[in-house]
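Quick one: the structure is below, and I'll ask about it shortly.
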Amino acid sequence: MDTVNGSEIDLTVRLGNLQLRNPVMTASGTFGYGREFSQLVNLHRLGGVVVKGISLEPRPGNPPPRVVETACGMLNAIGLENVGVQGFLDRKMNFLRGMNSRVVVNILGDSVEEYGLLAERLTGVEGIDALEVNISCPNVKKGGVAFGTVPEMAAEVTRAVKERTDLPVIVKLSPNVTDIALMARAVEDGGADGVSLINTLIGMAIDPGTRRPKLANVIGGLSGPAIKPVALRMVWQVARAVSIPVIGIGGISTADDAIEFLLAGATAIQVGTANFYQPRAAEAIVDGLRTYLSEQGEDSVRSIIGAVRVVEG
Amino acid sequence: MDTVNGSEIDLTVRLGNLQLRNPVMTASGTFGYGREFSQLVNLHRLGGVVVKGISLEPRPGNPPPRVVETACGMLNAIGLENVGVQGFLDRKMNFLRGMNSRVVVNILGDSVEEYGLLAERLTGVEGIDALEVNISCPNVKKGGVAFGTVPEMAAEVTRAVKERTDLPVIVKLSPNVTDIALMARAVEDGGADGVSLINTLIGMAIDPGTRRPKLANVIGGLSGPAIKPVALRMVWQVARAVSIPVIGIGGISTADDAIEFLLAGATAIQVGTANFYQPRAAEAIVDGLRTYLSEQGEDSVRSIIGAVRVVEG
Amino acid sequence: MPEFQEKSQILLKETVTCDIFRLTLQAPAIAGAAHPGQFVMLQVDDSLDPLLRRPFSIHQIAADGTIQIVFKVVGKGTAKLSRLAAGDTVDCIGPLGRGFPLERMNRLCLIGGGMGIAPLYFLAKRLLQAGIQPENDYVLLGAATRNELTLFADEFFDLGYTVKTATDDGSLGHHGFVTDLLEPILADIERVYTCGPFPMMGIVAARAQAADVQCMVSMETHMACGLGACLGCTLAGADGKYIHVCRQGPVFDSKEVAWT
Amino acid sequence: MPEFQEKSQILLKETVTCDIFRLTLQAPAIAGAAHPGQFVMLQVDDSLDPLLRRPFSIHQIAADGTIQIVFKVVGKGTAKLSRLAAGDTVDCIGPLGRGFPLERMNRLCLIGGGMGIAPLYFLAKRLLQAGIQPENDYVLLGAATRNELTLFADEFFDLGYTVKTATDDGSLGHHGFVTDLLEPILADIERVYTCGPFPMMGIVAARAQAADVQCMVSMETHMACGLGACLGCTLAGADGKYIHVCRQGPVFDSKEVAWT
């Protein structure tokens, strides 16, 4: 509970069994393992931190260049570089356990089995509060089609993870699909406790001078303010399609951005690319949210979730 | 033919039977019926003008607000306001016929039949050089699913148009799909002489103060520099998937932007939202293209089409 | 109607209040063609954020090829514009839209609220050139507080008009709405020109229409192009159809607009 | 290592050439913690275009809580930075990364090319404080032309170093590459510090390694965060693994880097 102008404003939200002190989290891959920001941000004030995607084995990632700026956004092709699950548990969890914020571990795999194994390894570990399943990865056994573009595959991954863990399971949806609500319903049916969206849009950039793609990987993921309108639309569509909580992600950098997602139906939000250019963005959003609620005469953030006023035809 | 530094640079490109003096066109809905820009732009220097989408009957469009600015982009929900095919022929064609540039008429309908009828009405009209078929519209007979999201429906519309016209038929693809190459192949199989892409991404914006969507229509189409990386990626994917010419659209505002699309495999490009903030963008792109080709020692723009240097794994 | 795109240097920047500024721009082609009630679309620089041009009424033109605009800082675009200084350059498209009708009429009333005052000064000056007796005409100006108003009130006064003011805080003139000033004089008047917030103009329009006085209103909407191309700038018209502000307007007869 | 985010006022803007500038920034926390070879991530304003911060080496710090950066206009971000004036404020994160090793060694050689000169001045000053005899040490500076070099060459000279210069157009010092100046003196040297374009540093590294002289290089890549979070700033390491420039570097032993 926090107090503004003498009145108490309740910022807590629930993602299934998981209570967050406030709805503001940081997005996977944009906040390292928390520690990277500890000098600049008060980590204890955040609702939660989602760590960089973890795979069974360490991954070296893609060759450079891996990032390129675009209009109000950036493309990345990090290639899911990470320390692997063992490295994560050995070297990263200790710091994360010291935070007041929730710790969500983002996982990724090449096959349904890998997701299941990861869930198993991360369950029962002190300090891990939830899993976020990144399904924007290619299913190597199915010719490299991304799990997140085929409802059945997405549901299968969800089930595999749910079977191996009692942690809340949030499935992170890919926006590169025709019908995002269909994907959300599929993972809901697969047992997901929540969905988060959006992951990056697939994009590309070319250097006219050299005629080469600006990313060594040719294509990469587009993030940042540029994609916010698409993300918000998808969150709105998904929030109406499922009954599990929705976490909004995509181009959020100010409290107003976050409020748009909450109004559209998100129970919580994640700040991604904004951490890079404004490390204090998430903290500032917590403050701004409180100011907004107080100005609007609301005593709980939950009152604005899904409260967009749409006159349907 | 134009001359730079004494050497001649050939900017002409062919879209099937249709030769353009240069690959720079203006995109439907962003350049009115040409005349709106005639005081500010030398229309004769453009490769072509694609007019605002035309339907069988005049349409009033959506209630306001219809446009809202977003980060490096804008959302529009014009609702396909237009003068209808008869109004177009009576009141707009005369001016368009006076231009040296090619005239492409963008058409839209609620049903396959409407597209066919429109093609018929516009065929044999002096001064119309090609049709561009906007398939990002809802198929009213199929519960409002957009033609452009179902390969079979897209192919059917293409066939219906091709049967009624001998004009070159360009099908304009919607980016709101999982597999853009699949859509492109479907319309190629349907007989399209070319594809243009991308139309707008679907997006949304909410006003935190009023809690209302910023567009009266709730959702709208995202355009402008923000979407360029997605558009470029899709053009690259489609250019490798089909053998008909590809027209690149999406966030193009400078010569470098246009060159990226040509390198990715586009035979021509269309300038959209940039016309609003820089009416001379298309003209400047023609100039910039010539400068680039001369600096790169190329004597024809055709040498750079698809010339991106990708080292495939 | 002729339209131009000019790289316009800022010759003078006047600070009216802490968030209202007046710029004098070198724009000879636009100045040469401008008509009261028309506007320009301004681009501050080639940054893509904010992306679109912003519309501003032409506040005044001068024989030396300059135009003036007056603006209030309300968001990103105007904030950026306010950080420019004399010597800087903006990109300017204009003159755009259909301005005010100027045919000779006796007993006019110009009613401006907030930044809506801006185009009325150009109108007032042009009416003088058309030979109208300003002392018989009213200029009613409203704003939030005194310092947003004094400069403009003085300038209209100097032209010879009968000027009345209203402020929300009562710091200058009538304490209340500028529309309150209209009622007592309405009987005398043949035509009202008004520009300001939508609700204010709605009240002016209603009173004028009730008294059978012609009322010309200058409308505001979001504009992407200002050129009639995007079809984004619609408002609901009185006849149930949409009106397009940038080309059919921004000036309309109040009877053409749906006020509810 | 401590890191800070400060709203830094520009106290002084020096124009070195038409496109090279030196800014003195009020950044007491960063100045207090900075180590030569470290950098800052700068944000000009809250516009979203360009979106990301830009990295700049710390060129110098002063006891009054200021830091200096030197930069060349090469694109959007630096162009925007160059339009600021004394009194304006930028948002500054730093000091970031691992700087140059400073343990006592005789006969050092600092080799800077272009903007790579920037961090070497801070290094040169700090080495003096560590008690090194500058007259025995070389500073080799290269640039395109004379006016990009004179200011810096004079300043290193004033510290007491033996300074040699090279320019591409021969307008100052050796007509050719700064790397040409290294060969004749290499035998005397125990450690080389270098910062500049990748090919230049590659040549320096090759020569130093061939002569078995330790060589510290300061690397450049695209950086999104500068904080070790995005994993975007990789380069190929000599052992086939990737190195992360912002946290493991920007300063590396040249043997850690893959130069081809």
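General remarks:
In order of appearance the chains are A, B, C and D, and numbering begins at 1 in each one.
Definition applied: a residue touches a chain if its C-beta (ideal position, glycine included) is under 8 Å from a C-beta of that chain, and two chains touch if they have at least 3 such contacts.
Small disclaimer: the values here were computed from a predicted structure and weren't measured.
Looking at chain A and chain C, the chains in contact with each of them are B, D.
Distance from the centre of chain C peaks at D, each centre being the average of the chain's Cα atoms. Taking each chain's centre as the average of its CA atoms, chain A and chain D sit 36 Å apart. Mean C-alpha position of chain C lies 53 Å from that of chain D. Taking each chain's centre as the mean of its C-alpha atoms, chain B lies 47 Å from chain D. Listed for chain D are residues 48-49, each touching two or more other chains. For chain A, the set of residues touching two or more other chains reads 71-73, 224-225. If you sketch which chains touch which, every chain touches every other chain without exception. Per the touch definition, chain B reaches chain C in the complex via residues 29-32, 36-37, 39-40, 52, 60-61, 63-69, 71-74, 76, 78, 81, 224-225, 253, 273, 275-280. Those residues of chain A lying in contact with chain B across their complex are 70-73, 75, 149, 176-179, 201-206, 208, 210-213, 218-219, 222, 224-230, 232-233, 236, 251, 256, 259-260, 263-264, 292, 304, 307-310. Contact residues on chain D toward chain B in their complex (touch as defined above): 48-49. Residues of chain B touching chain D in their complex: 71-72. Those residues of chain D lying in contact with chain C across their complex are 47-49, 76, 80.
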